[in-house]
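Before anything else, here's the structure in question.
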Amino acid sequence: MKLSGVIGYLVTPFVDGFINEPVLRLMVNRLIASGVHGLSPLGSTGESAYLNDEEWEVVARVTVEECRGHVPVVIGASALTTRKAVNLAQKAKALGADAVMVAPLSYWKLREQEVFGHYAAISEAVDLPIMVYNNPATCGIDLSPELLVKLIRQLEHPFAIKESSGDIQRMHRIQELSGGEIPFFNGCNPFALEALCAGASGWCTAAPNLIARDNLMLWDCVQQGDLKAARDVFYRQLPLLRFILKGGLPATVKSGLSLQGIDAGVPRLPLLPLDPDGTQALAALLASVSPFEEA
Amino acid sequence: MKLSGVIGYLVTPFVDGFINEPVLRLMVNRLIASGVHGLSPLGSTGESAYLNDEEWEVVARVTVEECRGHVPVVIGASALTTRKAVNLAQKAKALGADAVMVAPLSYWKLREQEVFGHYAAISEAVDLPIMVYNNPATCGIDLSPELLVKLIRQLEHPFAIKESSGDIQRMHRIQELSGGEIPFFNGCNPFALEALCAGASGWCTAAPNLIARDNLMLWDCVQQGDLKAARDVFYRQLPLLRFILKGGLPATVKSGLSLQGIDAGVPRLPLLPLDPDGTQALAALLASVSPFEEA
Amino acid sequence: MKLSGVIGYLVTPFVDGFINEPVLRLMVNRLIASGVHGLSPLGSTGESAYLNDEEWEVVARVTVEECRGHVPVVIGASALTTRKAVNLAQKAKALGADAVMVAPLSYWKLREQEVFGHYAAISEAVDLPIMVYNNPATCGIDLSPELLVKLIRQLEHPFAIKESSGDIQRMHRIQELSGGEIPFFNGCNPFALEALCAGASGWCTAAPNLIARDNLMLWDCVQQGDLKAARDVFYRQLPLLRFILKGGLPATVKSGLSLQGIDAGVPRLPLLPLDPDGTQALAALLASVSPFEEA
Amino acid sequence: MKLSGVIGYLVTPFVDGFINEPVLRLMVNRLIASGVHGLSPLGSTGESAYLNDEEWEVVARVTVEECRGHVPVVIGASALTTRKAVNLAQKAKALGADAVMVAPLSYWKLREQEVFGHYAAISEAVDLPIMVYNNPATCGIDLSPELLVKLIRQLEHPFAIKESSGDIQRMHRIQELSGGEIPFFNGCNPFALEALCAGASGWCTAAPNLIARDNLMLWDCVQQGDLKAARDVFYRQLPLLRFILKGGLPATVKSGLSLQGIDAGVPRLPLLPLDPDGTQALAALLASVSPFEEA
């Protein structure tokens, strides 16, 4: 599995409480046209934790259909029980995903052995590359670099790490432990500049829904070693990156899309949409970066 | 809703991956016979987060049936979406529960307004007392004493707080904010002595499955102001309280039940059962406290 | 060394930047008259970290002189270097202290071996009981219950622990590790009720400077097993206990003393005195508890 | 005050418990010859918190004498009381320092107003540029980016920030709040690559005592936008940077100097020197980077 660059994370659009399939198709095509290097539905941004099985399947299917032949698709397949996670990964495989992204959701904190068993079960059941996703803030469990590297090394399908802990030392440690062999992706927006400088293979982010151009420019500047330009474009988009993270990505990205003319609905309750003050602040931030535009 | 004393939390027994109804009935009756003052199925201990809707309903129904006429039943009705939480509370009502216990599960961290809306929706939809449950370790969100008191004061059905944050100052604060009017229950086992001394109305705990006698003795000693005896019985059971919490209540309580001759199965994957070393340690701890015995 | 009950911590009164010896004598006698069971100068409350050697000596000498024949005196003898700490303990001994209290100040975080060496050096150099003081918030280092118990067990002079970490589980752990043999004192005001219920030998506190009567009443109620009364007097004084801790004990206690007619001056810069709003709030809190009064 | 690049932090060499002046002169000249862009004695690495006034003065004087005409000298002038800090800054000025570095030491946590007053007093008393130093791990207080920027903007002499909190977002925030106008230096070794990529004016570090060549190479690579080479030299030195930080800079750097043939003695008690195992590990790490060598 070769994957690098800016991976765009999709929100799940709703209308009347149901998946809005036409808007989903539109958003996927818009992101592809923007130039992102990959797409990922059904992650944190996609409110996957709040969807039922049927809804999950609709989003997965539609995304794969639209991406085929354009960019790789990494489908989120996280669940509290191992049985359900295996089931989602099987569905992702059947639908034609290029990879799945799996986070170890937890109610009771999982011990290392439990996390390992969870990934092992998925890896054994489904022949599909797995991106291992560490996001303690949402998942309630923190995978150490040592464990992440062990999952990649000892299991067949895990191939890359998405690190969203917001601790750059984790990336250093992964780099060291793997001798630079294991690709890691940044999943914490406000660390994008540093993660890419530290050698990240890419940036997994919901921001391209709104500002793909500046996201991609940052990636390009770092690839070219133009640190001055990288800093300029990073600091330009940083307030917006911070804002959308702090307000909850589903709510803020959906509001931003609405400001850009796309009606993706509101997040599912108990999540609330961005309030009017927040929306105004977001509009101002959007005006301060490069407009969304097809590449 | 009058509730006080030791409220026993049930594990959910499995056999071949399904709910083991006969063992569930046995466990309920055994706890009632032990003298606990109330029962609560489908909490954290009950692996409710890992059950599907049908399983949840079986456990709820069976527990209510067995408790009727003996002790009040508080059913766990927590879910990630508001719609689902309302639905569970409605079922609990229909089945004859005395109250529901609701924790604000979260994937995206909920803001205060979102938490309030979640409880308001349940309170409006279902005419049943609600115990508000704060457990940041498992739920990924921490409800301040101010918010907890506000939920009780401004909504119709919330009537009591279960505090499991492990911070005694929260109980002080609830006491102060409510002028001692709002009942709070301790949900963090190793704080039982202090919480009861600080004025808790009771203790919500899975420990009675294994050591109801010592749990009840602690409650009685504190009620009688016999601090010396309370300390003795508390320090006697503390290592066991700490052990079952640290190892994950479903795994440790099920192992303990097995040691006491009751086969409640193992927790659901990815949760693993207690390993042999842990089981041996647990057996030693059980030997150091009062044996489980009907009152 | 027998020590138990409420140990009053003295502020260091200044006038024109110098130690105010007459006021110090007055404060000591006032505390003795209030009925406290021991006195401690030159602790955190006494701004010992901000005094030079000569000032330290004046305060130590005066306190010992006034207490002789009345209550035991535990002098704070903490310093960043081992040499200086030994030197202070030697002076305390020479001046007639009953014990010293030693916290492991740290700039570079001390490892366990370094902490042990520090206490060992003092214990070997000076024949005086040592109270080991854990206060991570001010000292920048956190001594585990295991280390605290080891210091008491393996060294000659350490005899008791003052725990100010604000974690009741530490006290449980000390109780367990020492089989209830090692006396521990509560040093975190808002935990006073719970610490005493959990078996603390006493309460080290600056509060008696302002509200000795309520502090002593709490102690007495717990001794008598009257939990209802203990809770009442504890919750009555809790807002004040919290206030003086949060605002910094030297500043708040000096303001409170001023409200009670005693001019102990202001804390040493960069510490600032309580501002007018804070002073007004403190006055209101003082009016809500039992007035300071000789026993 | 123009300052940028790699600023070397000196240890304080002892012999028989006294300052070893000849070794200090040697170390200063060796660092100047290595090519560092500035020198700083009496910081955390220099054990300034453990020195008496006379010792502080010897180190300050000797360093200034040797650096004159070669590189700027930034002298650490931190103290618990404002009076003492002013006094140290005055001495630094009299001795000919180019700037002072001031951290807000704290026993009682300082509030923002107290920190501001502390820096204001020094700025008013002494006509010398001040580097404001934030290091919560050693100082026990954490200065927000907002406060740091305010100190620079509203006071006359503060001109730059040394950030050692280990949180790259602080540097982003300083950059944003100051519109990129306020120079900030990285003070947390394992963040050197990212801090420089994020726009830091330099790197304040004790590492040049041992590996000046690799430190300077990192600086040069980032300046030239050669990220590939920067990553290579950074990841090469990272294990050593982490090791010397984790073991306490005074102890580890002195051991490393000893391995390089310079006897700077041991840290002052209670600090202990690196043990034999640690020394062996350090030797191995030193063998894996570029040897210390004059430029």
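Order as written gives the chain letters A, B, C and D; numbering starts at 1 within each chain.
Just so it is clear, a residue touches a chain if its C-beta (ideal position, glycine included) is under 8 Å from a C-beta of that chain, and two chains touch if they have at least 3 such contacts.
Since the model is a prediction, treat every value here as computed from it, not as a measurement.
Farthest chain from chain C (centres taken as the mean of C-alpha atoms): A.
In this assembly, the C-alpha centroid of chain A lies 39 Å from the C-alpha centroid of chain D. Centre-to-centre separation between chain B and chain D, using Cα means, comes to 52 Å.
Shared interface positions of chain D, defined as residues touching 2 or more other chains, are absent.
In terms of inter-chain touching, the protein chains here make up one closed cycle, each touching precisely two others. Contacting chain pairs in the structure are A-B, A-D, B-C, C-D. Against chain A, the residues of chain D that register as touching in their complex are 168-169, 172, 175-176, 180, 190-191, 193-194, 197-199, 222, 225-228, 230-231, 235, 238-239.
The residues of chain C lying in touch with chain D in their complex are 44, 49-50, 80-83, 104-105, 107-111, 113-115, 117-118, 121, 137-138, 140, 248-250, 267-272.
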